[in-house]
Each structure stands twice: as C-alpha cells, then as structure tokens.
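Letters A, B, C and D mark the chains as written, and numbering starts fresh at 1 in each.
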Amino acid sequence: MRITFDELKGFLDEQFPQGAAYGTLQKLGDGWAEMKLEVDEAHLRPGGTVAGPAMMGLADVTLYAALLSRIGLVPLAVTTNLNINFLRKPVAHSPIWARATMLKVGRTMGVGEVFVYSEGIEEPVAHSTMTYSIPPER
Amino acid sequence: MRITFDELKGFLDEQFPQGAAYGTLQKLGDGWAEMKLEVDEAHLRPGGTVAGPAMMGLADVTLYAALLSRIGLVPLAVTTNLNINFLRKPVAHSPIWARATMLKVGRTMGVGEVFVYSEGIEEPVAHSTMTYSIPPER
Amino acid sequence: MRITFDELKGFLDEQFPQGAAYGTLQKLGDGWAEMKLEVDEAHLRPGGTVAGPAMMGLADVTLYAALLSRIGLVPLAVTTNLNINFLRKPVAHSPIWARATMLKVGRTMGVGEVFVYSEGIEEPVAHSTMTYSIPPER
Amino acid sequence: MRITFDELKGFLDEQFPQGAAYGTLQKLGDGWAEMKLEVDEAHLRPGGTVAGPAMMGLADVTLYAALLSRIGLVPLAVTTNLNINFLRKPVAHSPIWARATMLKVGRTMGVGEVFVYSEGIEEPVAHSTMTYSIPPER
C-alpha cells in the first residue's frame, strides 16, 4: 500500500473541498476502499429514493480511493469509462456506502469494480465498473 | 410527442426541486431533448476541469427528458444501466450541455444515447448510453 | 436451484447445437455457473492471443447458465446489455473459463457479473456485467 | 485517411484468416467503416434470431476498421472496453451489417460507437460503444 488512510483523507479534503457531497472515506486497504454518503434531501428523487447521480458520484470517488492506494496521491488520474447497473431501490433516508476493489492496475490505466449498499438492505443496490486513466508524468 | 416543453419544465421543477444542480431544459422534440448545466465551483475537480458526476447527472436527466417526450409525465421511470465514456477535458468554467436521443422506447424499457458538450469545444466531451425501466402501472 | 447440472447440459446441447463454440458447462450452483472453452485457431487473433468475441461469447453463455439455475429452462431469455473490460492478454493456446454470478434476479430481468480466466494466469483476463431480459409468459 | 479500402481489406484477410466469421468490409471513410455478416446456422440461437456474440463480433471488427482508417495498419490495437445494448430482434436469416464511427482517436486510445442493423428492419438492432488501446511502439 503506497499511502495511509490519514494521508488519503487529508489529500481528498484538500483536493476535493466539495467532496463530502460524494462521500467520506471509511476504510482503506491495498487495492480497495470503502466510503459512505449521508443521504440528504439533495440526493433524493421522486418515488422517495436516492438519485442515481448520488450513487454514481460515490462509486466514482470510492474507486478513485482504491486506485490511489496502489499508485499514491495522483490528483490527475481521471475516469475514462464508467458502467453502472442499478439493482434495487435504496432506502430513502438511509446512508449509502460503497466498497471498491481494483481488478487491474497497469502503467497507464486501472480497472475496478464497486458495490454500492443502502443501510438496511443486505444485497447491493448498485454495481459499477470503471476505468481510470493514469497520467504518465509521475 | 406526448408532452409540451412547458409541461415538462413544470414537471421537472416540481418533482426535482434540487434538479437545477443537474441541468435545465433547453429544447424538447419527439424522442430527444437538450439540457444545460451552468458549471460552478461545486462541479469542479482537481486539474481545473468539470467533475465526472456533474456530466453523468446532466446526461441522466437529459435522457429522462427525451424518454418522457415519448411516454408522458411518468415520475417513476428509473435508470437501470448507464455507460459513459469521457472523451475530452471540458473547459473548467464553461457551461456543459447535453443532447439525448432515444434509440428505442418499448413497453417496459427505453434505451438512448447522450452526447455531452462543453461550450468552447466543438467535439463532445462525453458520450453515454442508458437504459430506463418504465413502470407497468401507467 | 430450479434445475440440475444434467438438465441444463441437456438443454444447452439441444437448444444450442453450435454452442460448443461458446463453451461447455463445468459446474452449476444456485445463481452461479462455470463454463470452459477449448481455444482453437478460430478463436485467435493477431498478436497470438484469444479474440475478444470468443471471451464475450463464453461470458454471455455462462451468465445465461447462472440465470437458468434460478428461473428454470427458459429458452427466450435474451441479453439486453453487456459490458466487458479486457484486463490481461490470455495465453494463446490455453483454455479459457468463466465464472458467472447473479447479482439480481427479478421478475422481468436478471443482472450478473462474470470473471473470465485463462489457464496459466492467476488473475482474471476479462470482467463482464450483463442484463438478461426474462420473458413474461412463463 | 491513412489507408485505402483495398489496403485494409488485404490486411484483414491476411491477419484474420478466420475473420469472415465476423464480417467483411463494405465501405471505409475517414474515421468510419461499414461491414456486413452473412448470417448462417452457426450465428442463430433459440427463438429464431441472431446470437448476441455474432453481433458483438461484427461490431468489434467494424470499429477496428474505423480506427485503422485513422491510425494505419496497426495489428496490435486491442479492445479494452465494449458496451452493447440489444434493441430489437434481428430477422433470423437476413444479413446483419454495422456502421462504426470514431468519437475520439487519441495517442493511446480510440473510442467509437457502432450501430448494428438487420436487413429488412429500418431501425438499429443493437448499439455498441468501445474503447481500443493503441500500442505506443508504432
């Protein structure tokens, strides 16, 4: 693992001051991360459920954290592809959390998957895969 | 076309009061829609560019508008799959806008594609395809 | 589990006589399946590696098997969306095999993920997610 | 355009001797290509329709042709991500054809989209987006 939990938390706070809108870091391991989002009114949509973009934002930043555990604090790694399947309706006012795992970290790109959960539901509410492009100049 | 521009605009304002964070309706046709997002600090990320979730949120709601042009004002249509490729770096403080087109609207699902543009760049900055599930009880 | 290994093997042989070109059933559980493909010249591509469509075909049929373990022998279940990430170069003349797991089986659709492996490489060579549409008239 | 129709046709015949199973080149332009597949028994599946992998193989090779129109005859360009939505049931014994268009061709990767058609149906039967990785050593 190239970075510690505290180093990453400090980096995210500094680089993404608005990042709390996407989620906060809970756990970090070698090639994996967990983040949590406290759902508020801004994240809801008709039908009393969590909006898709809130789940996508959480999934995106959680995989970013998992990637950084392997490559270090690289601000310019960017998502190039994201695919997400919405599986179940989250509980409207419960927090959602995500667990991301890298499937491959190469020299120029990283691919991983993310399961998103809603507190109070055992099975995942969404599943996403993503590709991150890693800038060459590090 | 099952609804007018004004009917949809009123519906979106009512059902998604926080929806302006995703984008505002610009144009609407039979099976297509255009929406625009004024990018502010909350939508930026390190490297001086627009955050992926801002583009995903805009793409998602624009395809929702395109779908409703065909099926009417159905609040409970939900995204089941979204795939997005990020193609170019948007201009940091320029508005982004999206044009969504339905590829198929069936009885239980609709599939469409969305091009996302950044004002000042001719070619698209992102391209997304999505599946919406249409509830049976209409 | 709605069917046995032998019932599914017989069904696949009968319904997909050309199916051996996609893979053969190895293991079957409740919501999961494993299939294997003996790679021959028809599956190779320049660079001495297995062609993408061979891996996609194997992934597709393996998730179909996993789905049938839950819904029974439904010939008309069809793939509506498939996303695949190619992670590593398979060994050219080694068999490839896939393990598929359902993430959700609803009334009208099933979503699952598939890891594809190349014999001789520990980590997955591809990862796919898919949505199957389940016909109503069963 | 970096290559002619005849140069690409010769290249595909030489590098992919089994390639006719995926499709044959019909038209080629700057950043786009059309290919056609004569559907035979090997491409069918239960329900009297064309198998998904036949459409995926055709889409994959057609986008490869479109990419080569821009970068020249690079055998080792490989697909890293493919997403496909199956929209309509193709006619069982009609040829299928595909039109691929590049959305971006960068230094290390190309992204494009493909519409797949079944002769006798006006609207597309499938739509796919793909990312190709372009090897550095050219």
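List of remarks:
Keep in mind that, in the parts below, a residue touches a chain if its C-beta (ideal position, glycine included) is under 8 Å from a C-beta of that chain, and two chains touch if they have at least 3 such contacts.
What you see is a predicted model, and the numbers here were worked out from it, not measured in a lab.
Across the assembly, the mean Cα position most removed from that of chain B is the one of C. Annotation: C-D is the more contact-rich of the chain pairs C-D and B-C, by number of C-beta pairs in contact.
Chain geometry summary: the mean Cα position of chain A and that of chain C are 28 Å apart. Centroids built from CA atoms put chain D at 22 Å from chain C. Chain geometry summary: the mean Cα position of chain B and that of chain C are 33 Å apart. In chain B, 80-81, 83, 85, 131 are the positions where the chain touches two or more neighbouring chains simultaneously. Within the complex, the chain B residues that touch chain C are 80-81, 83, 108-109, 131. Considering their complex, residues 15-16, 18, 21-22, 41-42, 44-47, 49, 51-53, 56-57, 60, 75-76, 78-86 of chain D touch chain C. On the side of chain C, the complex with chain A involves touching residues 83, 85, 87-88, 103-104, 111, 113, 123-124, 127, 129, 131.
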